[in-house]
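These notes open a run of structures that come right after.
There are two complexes below, and they share chain A, which is joined by chain B in the first and by chain C in the second.
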Partner chain A sequence: MSRLRPSHQNKREFRFKEWMDGSVDPYLGNLEMKPQQLTEETKEQFDERIQDYVRLNAELYDTEKNKGVRMFRILYRISSVIWIALLIGVMLLTVSHLPPNGDPDNPVNNEVSKRYIEQGLQETGAVNIVTGMILDYRAFDTFGESNVLFIATVTVLILLRKNQKMHNEKDMKEDQDDEKYEPQSDTILKTVAKVLVPVIFVFGLYVILNGHLGPGGGFSGGAIMGAGLILYCITFGFEKTERFFTEKTYKWISFTALSVYCLSKAYSFYTGANGLHSHIPLGTPGAILSSGLIFVLNICVGMVVTITMYTFYAMFRKGDF
Partner chain B sequence: MAFYQNIPFFSIFLAMFSGTISSVLPRKAARILNVVVVSLIMAASAVLTVILYGQGRSYTFMMGHFPAPFGNEIRAGALEAGMACFFCLIMLLSMLGGRKKLDEEVEETKHNLYYVLVNLLLSSLLAMVYTNDLFTAYVFVEINTIAACGLIMIRQIGRTIEAAVRYMILSLLGSGLFLVGLVLLYDLTGHLLMSNIQESVGMLIENGEYTIPLLVTISLMSAGLAIKSALFPFHAWLPDAYGYSTVSSAALLSSLVSKGYIFLLIKIYYRVIGIDFIRHNKLIDVLFIFGLSGMIFGSISAIRENDIRRMIAYSSVAQIGYIYMGIGMGTQDAMIASVYHILMHGATKSLLFIAAIGLTDVSGYSRQFIQITGAGYRNKIAGVGFTVGALSMVGFPCFSGFISKLLFAQAAIHNTGKMLPTLIVLGISTILNAIYFMKTVLRIYTPVADSDYPVLHMKDQKLYSGVIIAFVITNLLLGLTSVFIEEWIRRGLIVFG
Partner chain C sequence: MIRTIIAAAFIIFGLLLFAVEIYGVNRFSFIMNRMHAAAIGDTLAMMSCMAGLIIYSGFNFTSLKLLLVVVFLCFSSPVSSHLIMNLEVETNEKANTHYEEETLTDEDDRLDDEEA
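Presenting the complex of A and B:
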């Protein structure tokens, strides 16, 4: 470039090295370019900028002065109404073209549901066909569903569990004030709960354990148990529940339930797919210990649902167990 | 049944089980478990890919004691197995590359929960890739959605929470539409198994029955999955979700989560509805147009952005547009180009996110362009990584981006109706890509005289440098061995439907 530079500096390698090291700017002088400068602003300038921003926003969205915004809002509302009406129309049109409800010739009444109804009892050992379907025929989907509950709790824990770093005095004080609102001195609630909570628990257990024999199962029974736990917590406060339900309990129950589900079903799937003999007895249909894995899986699902419900409550209430 | 046929089942269960275990492990053990599990599944899937590629056929695997229409079923072919392997590779590299940032940005007691999310995300991706049952696909779409929300908001600052809420609302809208479509389809055919639905749908089409509900079903499913994968007019959730979450999350979300949904959509087109019907349907023209507009408007938004992470995020909108454009063209070649673009974008976008974080780290954690000036000199390996990623995105020969643009252009030439718009928009989009990516590359290699920012050498960040190098090699491999990859996709798609 320049003849004034020593010859070795004109070499391509040297120039490349210079560019790599960043000691020279290849664009400087060749490319019109203004070096960047950091801007510093004083407090007044900062305040002014913020004020400008606020004022600007206020004026921008002032529908009295700004006709454009007003037009846009009206247009937006009208178009959304039209759009929704259109969608409703399309969906109604679709529904009117669907197979008639309750017709025996409908495509849904095919060999699949026939086999569930006719051979469900022999093949799964469960008197309750629905349980047989969700925990044996389609157990993989149900495993996915229990994992949905599990991952939902994990996400709620991430969002709402208190961070140790942010735990300062103000939060502590808020916590104590917050706990006052638990209606611990409410006599009616306490008396009723003393009677109701054990009944709810026993009923929940019954629904879970009886899932393969009659209406019920892990999902519904777990919801009942969870409701019982929440009622207990509302009545007697967190100190009482903490004696038997802490984060550790949550962790280990969900771990045990999901591991048992995962491992037992992995065994069952593996034997099923590879044509091996499965060592799980189906038992006599109608007995409490029957229907093979369904009984165990119902308990696992029930446990997961119970702790999910209680954990949601505890997280939203207090952010901790 | 040969033992290798168990690999898909083992992969899914291993990923799910490791998610469960991680919830009780301390954070270091959870981290090791994650690396081990992902590498194991990757190796196993690679073996399966080679075997199935040789055989040139796919097989079904019964999940349980009951054959297909009664029980669940998964199905694996060369394309599925290779996709699983690729997803694992990107997940492994993204997790390793973002590890340091994760330690800085996420509360320590929540680390094992992060690994729970990641493992379950992997399991849901694998299940979406392998499943042969539409309802199983829906269940795992749910897991995927919730995991993605958790990934976004685990870094707890205001913007990520807002982004997660936005993502949740739009993504659940997508799931809802998908579910409605699924229910309608079940009502029309009485099946949930993909192959059986295809049979019934074929008969319905032949007899001319239920034309309107069928069309509505396909549109609902396409719209649902398009919303979830951020096709252009539904991309409002994307920039904040990718731009502010911790870097591994951003890489996973952009390269895997949205790609999983697109793969599911392709699978639905091939295996549930039947690709011949889809090709003659006007619906894909809509996807084509949305794809084209995404390519332009995504790039324009990226050019206007003054934040490097958000710029890369907006570039995703454009790239998703490319994929939908390929699906919308409706030929076999275009579909191959789309699948190749899934791979290319997965490998490149995660590289860009991870390289960008290296650049912002040496610029006082600021992401504004004015601050990252000269960052390529302060963190050389990140600069190289970003440059490679940018060149690949723009379509520089040798890198994967060039091949995918070439494939799209070749596919367009054989499609008389859509040739002109495709080629014109492809050209415009490439120029727009070049504007914002090359602007950034010039910016990071513009020397600043006296900066007080620290300088990071390769020996200070061995793991990070290794990850960047691995990403660059992946990118080069994708670009240089494209003939084999194209052949693999072609063979995989033949047995896919």
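Presenting the complex of A and C:
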């Protein structure tokens, strides 16, 4: 609480808005800060360091003069071999105690998988039982996975995103040096990418939208579409991708996808737990618009995976969007 | 039965080419030679294996998707080889000991003109 600010600026709502916008650094003025100094060593210090290094290698680690090091190296090799042999033995012993493959009495073949196989089609409406499992019976688990992807991307953005205000001359020169080795001016790559990128996108969409009918789904289709985006970015550079994919796009897509997932699944959990009738039609199995929520959830997961892949690539390539 | 045998022949041929590829990649010491070996595996060996799988599965939607994989590799593998080679030529500091650049002579120019 500062008495120097006008009274409306001390209100909790205003402070929350400031914190959301990031317009005020909450640590500034409240925390003792010291800018990092570059450590520079003088000529004498450098010579001393090199001399130490050479002497250490010549005298201390010389096996002819130092018997202890020699013994240690021999012991080290022998013990590592013994240790690895022990590990291999333990693992082989475990494998030999595993139940035989394909036995109907195995602990895997319990009532859970039986139920998935026998009643999965009626209960979820998805022809692909795997999609029915991960997006209906275990939808909460998949929701956690999508959130893990989101949190990982946010962390990468915090760590690696460049601040445009602090872009100085040294960074400009670095960018120019980087551009020398980038394949953007390559005609062969451009021609091939023009043909391939649309095909990759259509195939990724097909895999996402067909997830409840055949092999595929949100994760694999999203990975395909993310790879297509990365190829587009390699070929045509950040100027072209920035026209449709910026930080704002990332924010809104991830927000929309995750909240749609959360709300729709909350509805089905609520109705399921209270024994209410769900109003979502399952449709006829095999049709493209069927299996109720799974179709929507596949699209949500696919979008999250796509933008995660692209954002990772853009951040690790010193990109800024 | 005959279809299975033909498919198996294709796949085994592809696997043999993969073995050649891996041997070549580890045997050669310079990047260009190694890439030549690796490109064989990426194009011909992969195509042969995929052709075997297509023959094995017959003509249906799965084989169409496999064909798409073949077409995709056909496009992308040579391009990636080309890009890596470009980077190698530009950045290798010991380039003159690894390979020699061919300089065009008058004879080459004359041959080019005749072809065109």
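In the analysis below, the second predicted complex is superposed on the first by the 223 of 321 C-alpha atoms of A that agree within 3 Å, B and C clash if a C-alpha of one lies under 4 Å from a C-alpha of the other, contacts with A are read in each partner's own complex, and residues count from 1 in each chain.
The definition used in the following text is that contacts are C-beta pairs under 8 Å (C-beta built on N, C-alpha and C of every residue); 3 or more make two chains touch, one makes a residue touch a chain.
Since the structure is predicted, the reported quantities are computational estimates derived from the model, not experimental observations.
> Touch test for A:Y116: chain B only (first), chain C only (second), both, or neither?
Touch status of A:Y116: first partner only.
> Does chain B (first) or chain C (second) touch A:A139, or do both, or does neither?
first
> Touch test for A:F255: chain B only (first), chain C only (second), both, or neither?
So A:F255 only meets chain B here.
> Looking at the overlay, does A:L159 come into contact with chain B only (first), chain C only (second), both, or neither?
It touches chain B, and chain C stays clear.
> Let me test your reading of the model: by the given contact rule, A:L289 touches which partner, first (chain B), second (chain C), both or neither?
Neither partner.
> What's your read, chain B or chain C touching more residues of chain A?
Residues of chain A touched, chain B against chain C: more for B.
> Help me check something: in the complex, which residues belonging to chain A touch chain C?
The touching residues are 180-181, 183, 186, 188-189, 192, 195-196, 199, 203.
> Inside the complex, what are the residues of chain C that reach chain A?
Against chain A, the touching part of chain C is residues 68, 72, 75-76, 79, 82-83, 86-87, 90-91.
> Which residues of chain B touch chain A once you look at their complex with the stated criterion?
So the residues of chain B in touch with chain A come to 1, 5-6, 9, 13, 16-17, 19-21, 23-24, 61-66, 69-72, 107, 109-110, 113-114, 116-117, 120, 123, 127, 133, 135-136, 139-140, 142-143, 146-147, 149-150, 153-154, 156, 161, 184, 186-191, 200, 210, 212-213, 216, 370, 373-374, 377, 446-449.
> Flag every residue of chain A that touches chain B in the complex, lowest number first.
20-25, 27, 35-36, 38, 90-91, 93-94, 97-99, 106-113, 115-116, 123, 136-141, 143-145, 147-148, 150-152, 154-155, 157-159, 161, 163-165, 251-252, 254-255, 258-259, 262-263, 266, 268-275, 278
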